[in-house]
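You will see two complexes here that share subunit A, one where it goes with subunit B and one where it goes with subunit C.
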Partner chain A sequence: MRPRLGSPLAWIYLAAMFTFILLPVITLVVFSFQDGRLPVPPFKGATLDWYAKVLSDRAMMEALGNSLLVAALSAFVSLLLGFLAASGLARVLLPGSVLMRGLLIAPMTVSYLIIALGLLQMFNQIGLRPSLLATGIGHVVINLPLCFAIIYAAIGAHQRNALRAARDLGAAEWQVLLYVAAPMLAPSLAAAYFLAFTFSWDEFIIAFLLTRFDVTLPVEIWSMLRSGLSPETNAVGSLVFLVSVLIVVTLELSIFRKARK
Partner chain B sequence: MTADVRIWSVEHRFGDFTALHTVDLQIAAGEFIVLLGPSGCGKTTLLSIVGGFLSPSEGRVLIGGEDMTLVAPKDRPTTTMFQDYALFPHMSLEANVGFGLRMRGVGRRERREKALEMLDMVGLADKAARRPHELSGGQRQRVALARALAVSPDVLLLDEPLGALDLKLRRQMQLELKEIQRRVGTTFIHVTHDQEEAMAVADRIVVMNHGRIEQCGTPEEVYLSPRTLFAAGFMGEMNRLPVTPEGSGLASPLGPLALAPQTGALCLRPEDIGLEGDFSLGRARLSEAAFFGSHHRCHFTPLAAPELRLIAHLPQGAHPEIGAEVELFARNPIILPEAAA
Partner chain C sequence: MSLERQEKRHGAALVAPALLWAVAFFVLPFAAMVAMSTAKMVGREIVPGPDFGNYIRIFTEPPLTRAIFVSLEITAIVTILSVLLAWPLAWIIATRVPAKWQRLALLLAVLPFWTSYVVRSYSWALVLGEKGIVMNTLVGLHILSEPVQIMATRTATVIGFTHFFVMLLTLTIYSNLVQLSPNYARAAEDLGASRWQVIRLVILPLTLPGVVTGAFLTFVLCIGDYITPQILGGNNELTLPQLIMLQLGRRGDYPMASALSVVLMAMVTLAYAGCARWLKMDRV
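On to the complex of A and B.
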C-alpha cells in the first residue's frame, strides 16, 4: 500500500522542484502580456498588443511557416527511413547487424554543432547552398536515429510472428509493411513522428548554420533577440511553447493512452 | 485442396550445431501427420523447412511433386498455424481470416463470403466484427485455424498450436482439429511434444529425437511395437530391464525369464504387468499404489532386485495392499537393442 499523503516536507520539496523547472517558462509567458516596453518586473498590466504585433509580423509568420514545413517533412522522412531500417534489421540476422544498428544510432551521441559543421562543409563541396532543404536534411540526420531507435525497440516477438504469418499467407514485402507492420506499430510510429517533429521545430544550431534567407522560427527569434529584450520575443516564445505543449498533450491523450490498454 | 509432401535427405545446420541429420519422410495427400519429440529434437526446424521459413543446408522438399526447397513462404501452397496464433491485432476477425485472400487479389465480396464461411466452420461466425483481443485463447486459436485454411492450402503446418491452452480445452480442440481435417481433406503436419495429443489426432506419428526420425507409424504401431528405446519411452510409460541370453532363456536382474534368448532391453508397458500373464517376473513387494479411475497405478519392488522399481497398472477390481508380496506376470514383451538408445 502506498501512503495517501506524504509528509509536508515532501510537498514543499515537490513545490520547490516544480517552481525550479517551470519558473522560467512562467516568467516568459507572464511577461509576454506586459503592458510596457521591457519584459522585466514589475508587471505593469496585461495587454495582447505584443501577440497582435507578432501575428502581423510578416517575417515572423514566414519563419513560422518555414519551421512547420521543415518539421513536418523532415520528421516524415526520418520516420520513413527509420521504419524501413528497423523493419529490415528486425527481420533478418545479418552478419554485422549489431554494428549496423550502432552506426544508425551513432549520430545521437554527436553534438548538433559538430553535425551542423560537418553538413555545412559537405554541402559546400557538393554545391548545396544553405537553405530550408539543407536544414531539413540536417534534421533528418539528427532525427533518423531517434525514429529508428523508437521503432526498433517496439518490434517484439509478437510483431515478428505476425509479420511471419502475413508472409506465410502470401503477402509481398511491401504489403507486409503497409498492412501489418505499420498498423501494429502505429503508436510507436506516431510517437517517433511527433518527437522528431518537436525536435526539428525547436532546433536552432543546425538551422542557424544551414539557412540564409529563408529561416526557421528559432533563427528568427534569435535575430530578434539581438536587437534587445522586448515582450514581443516573449510572445513568440510563448507561442512556440504552446505548440510543443499541444503536441505532447495530444500524444499523451491519444496514442500513449491507447498503447497502454 | 491437398497434396503429398516428400522430404528428401534434408539436413539442417545452425552454425556448428546439426539440427537435422538426413531426414527422409514421405507424407501422403490428406494425411494427418504428427511430428513428436522433446524440445530440441528438430521437429520445429523440420516444420519451418516445409513452410519455407528455413532453407535446408542439404536435401530437397517436394510438395505435390514440385520442388519447393527454395520457394519463399508466400509462394508455397502451405500455411502455418503459429503457436502464439500471430493474429493481426488491428484487424477484425473477418479481416484476419480474409487476409490471405486479400493478398491473392480476391474481391471484397468473395473474400467476405469465404471468411464468414471459415468462421462459421470454427463456430465464430457471430463474432466476425470483433478484434482478436476480445477473444479467449481457444477462440483465438480457432481464428488462427480459420485464417490458415481460408486460402485453401494444400498443406497446413501446425506449430504446437495447442500448447497455450489448458488441458480440457486442448482435448476438445484436438477433436475439432481432427474433425476439420477430415472435412477439408488438407494434409496436416502437426508438431507437438505431447504424446497423448499425438495419439489423439494423428494418422501417423513421426517420433523424432536429436534431429533424427526414430520411428514413423500409426499410433498403434508406435505404441505397441516401438522400434527404438527412445520411441518406446517417449510414447507412454515403459518398464525397462537389461537382459542377456542364458541357456534357452534370458538372464535379467529379476532372475531367469522364460523368453527366447536375446541381448538388449526388455520393455514392458505398465498395463502388461499384473497378477497373471504369459511369463513370470518373480515375486515383488507392492511399495506404493494410487487409484486412477480406470486402473490402480502400482509401484512394485522386485524381491530379487530391491533397487529396481516396476510400474504396473492393476485392474479396477484389484485391491492392492501396500507391503503385500505377490508373484508378478507379464505379457507382450518387446526386446530392443540397447545400442540404439
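On to the complex of A and C.
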C-alpha cells in the first residue's frame, strides 16, 4: 500500500491516542515536582523535595531492596528451570511431551489472584508464613511459563543439530548446556530474564497476599495510596517508571535489535 | 537403541525440576483451593465438606451473583472498546508512519505498559479526580460548568482498564499487520476494490488472529484484576476479584473466596475454549 501521509484524520487520531496513552504518565511525572501538598493543577513551581523525602524514607528503601532481591532471584530460578525444561523438551520426543508443555504453560492463563490464593492456603497448611520467600515462589510460578515459552521458541533445527553434534563428540550433559546451548541462546535467555525480572518487580497481588512484615515496593506504594493523593507517591511512581523504562529501552537497543539481525 | 533411551532419560531429567515446580506450586495449591471451596464457614471455624453451599449461594444471593455480572459487563465493555480504539492505532502506525519511525512510534504507544500496575491506576486517579487535570481543563474551557464525579464510578474503572489494554492490543494487532504481505492489498486494489473495501474485506479479516489473541489476553487479565477496580472504581460496585478480597480480608472466609475463585477460573476457561482455535499461545 502506498503511504498516504496527507490524510489528516489519521494524524489527528494518532495525536489523540498518544495523548490518551501518555497523559497519565506525564501528569504523574510533572506533578512529582509539585511545590505544594497536592499533585493537582495549578502547577506551583518545581522542587525536588518529594524525591528527597522518598529517598530518605526507610520503609520505602527497604521495600525497594526487597523488590530487587525477589525480582533478581525469582527471575533467575524461572530462567534456570525454564532453560533446562526447554532444552529437555526440544531435543527428544518424550512420551507425554504435549501434556508436559501444556502443564508448564498453563499458569499463564490463570489469574494471578487465583495463583496467590491457592499458594496462600497451601502455605497456611504446611506452616510457611507469608514472607519474601513465599512471594518469590509465587513469582517463579508466573514467570516460569514465560521463560520456558521464550526459550523453547528460540530452539530451532539449527540449535538442535549443534547440540546433537556436541553430544556426539563426547561432551557431557552439563558441558552441552553450559558451553553450547547457553551461548547460542544468549539473546533469548537475556530477554526471558529481563521480562521475568520486570514482571516480578511490578507484581502486586501475589506479593500483597504472601508478604506480611517485609513487603515489596508495589505493596508499600499501595499502602501509601490509602492516605490519598500526594506528590510523594508521584515521586515514587516516577522512579519506578524510570527503572522499568530503562530496562525496556536497554532491551530494545541491545538484545531485540541483535535478535532481529 | 540404548543411546536413544539414554537421550530420553536425560531429557526427562532436564524437564523434571520445572514440572515438579509446576505440580508443587501450581497444581497442588489449585487442588487445595478447589477442596477448600467445598468447605463451609461455621462461625469462625472452617468445616471441611464436601458441601456445595458456597456455590449455591453464589448463584442465588443477589450481591454475590451481581459481582459476576459486574465483572462480565466491565470486561465486555473494556474488550470491545479496546479493540475498536487499538485497531486503527495499530493500522496507522503500520501503514501511515514512515518505516524508520515505526519502532519509535510503537515504543511510545506502549510506554506506560511498563509502569507498575499500581502506579498506573494511581496516575489515572490523579487525572480523573475532581481537581484533576481533565476536570480542570473542561471547567476552565467552560465545556462543563462544574466538575463531574468520575472517580469511584464504573467509568473510571473502564477508562483505566481501556488505557492498559489499548496498549496490549496495539502490540498484538501491529505485529499481525506487519506480517501481512502488501500484495493482498495491491491485488484487491487492482481488482477494483475501494480503499475502504480493502480494509474491511481484506486487511481486517487477516488480522483476526492478532485481534483474538489480544482480546483473549484482555479478557483474562481484566476479569481477574483487583487493583484497577479497587483504586478507580472504589467500593460502590464490587467486581468478582474485589469480592474475593473482601471475603479474605474482613471475614477470613477462605471457603467462599475459593468458591468464587473457582467460578472466576471457570469463566476464563470457557473464554479460552471459545477462542482456542484462533489462539497460538505457544507463540505469545
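One rule holds for everything that comes next: the second predicted complex is superposed on the first by the 257 of 261 C-alpha atoms of A that agree within 3 Å, B and C clash if a C-alpha of one lies under 4 Å from a C-alpha of the other, contacts with A are read in each partner's own complex, and residues count from 1 in each chain.
One rule holds in what follows: a residue touches a chain if its C-beta (ideal position, glycine included) is under 8 Å from a C-beta of that chain, and two chains touch if they have at least 3 such contacts.
It should be emphasised that the depicted structure is a prediction, and the values quoted were computed from it without experimental measurement.
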item: Touched partner set for A:151, first subunit B, second subunit C, both or neither; value: neither
item: Which of subunit B and subunit C A:234 touches, first, second, both or neither; value: second
item: Touched partner set for A:207, first subunit B, second subunit C, both or neither; value: neither
item: Touching partner for A:192 - first (subunit B), second (subunit C), both, neither; value: neither
item: First, second, both or neither for A:251, with subunit B first and subunit C second; value: neither
item: First (subunit B), second (subunit C), both or neither touched by A:181; value: neither
item: More subunit A residues in contact - subunit B or subunit C; value: C
item: Common ground on subunit A, meaning residues reached by subunit C in one complex and by subunit B in the other; value: none
item: Residue ranges of subunit A in contact with subunit B within the complex; value: 157-158, 161-162, 164-172, 175, 179-180, 183-184, 186
item: Parts of subunit A lying in touch with subunit C, wherever the complex brings them together; value: 1, 3-5, 7, 10-11, 13-14, 17-18, 20-25, 27-28, 31, 38-41, 81-82, 84-85, 87-89, 91-92, 94, 100-101, 103-115, 117-119, 121-122, 125, 137-138, 140-141, 144, 148-149, 152-153, 173, 198, 201-202, 204-205, 209, 217-218, 221-222, 225, 229, 233-234, 236-237, 240-241, 244-245, 247-249, 252
item: Complex contact set, residues of subunit B against subunit A; value: 51, 53, 72-75, 78-80, 82, 84, 86-91, 99-100, 103-104, 147-148, 151
item: Subunit C residues touching subunit A - in the complex, by the definition given at the top; value: 4, 7-8, 10-15, 17-19, 21-23, 25-30, 32-33, 36, 85, 88-89, 92-93, 95-98, 103, 105, 107-112, 114-120, 122-127, 129, 131-133, 136, 163, 166-167, 182, 185-186, 198, 220-221, 223-227, 231, 241, 244-245, 248, 254, 257-258, 261, 264-265, 268, 272, 281-284
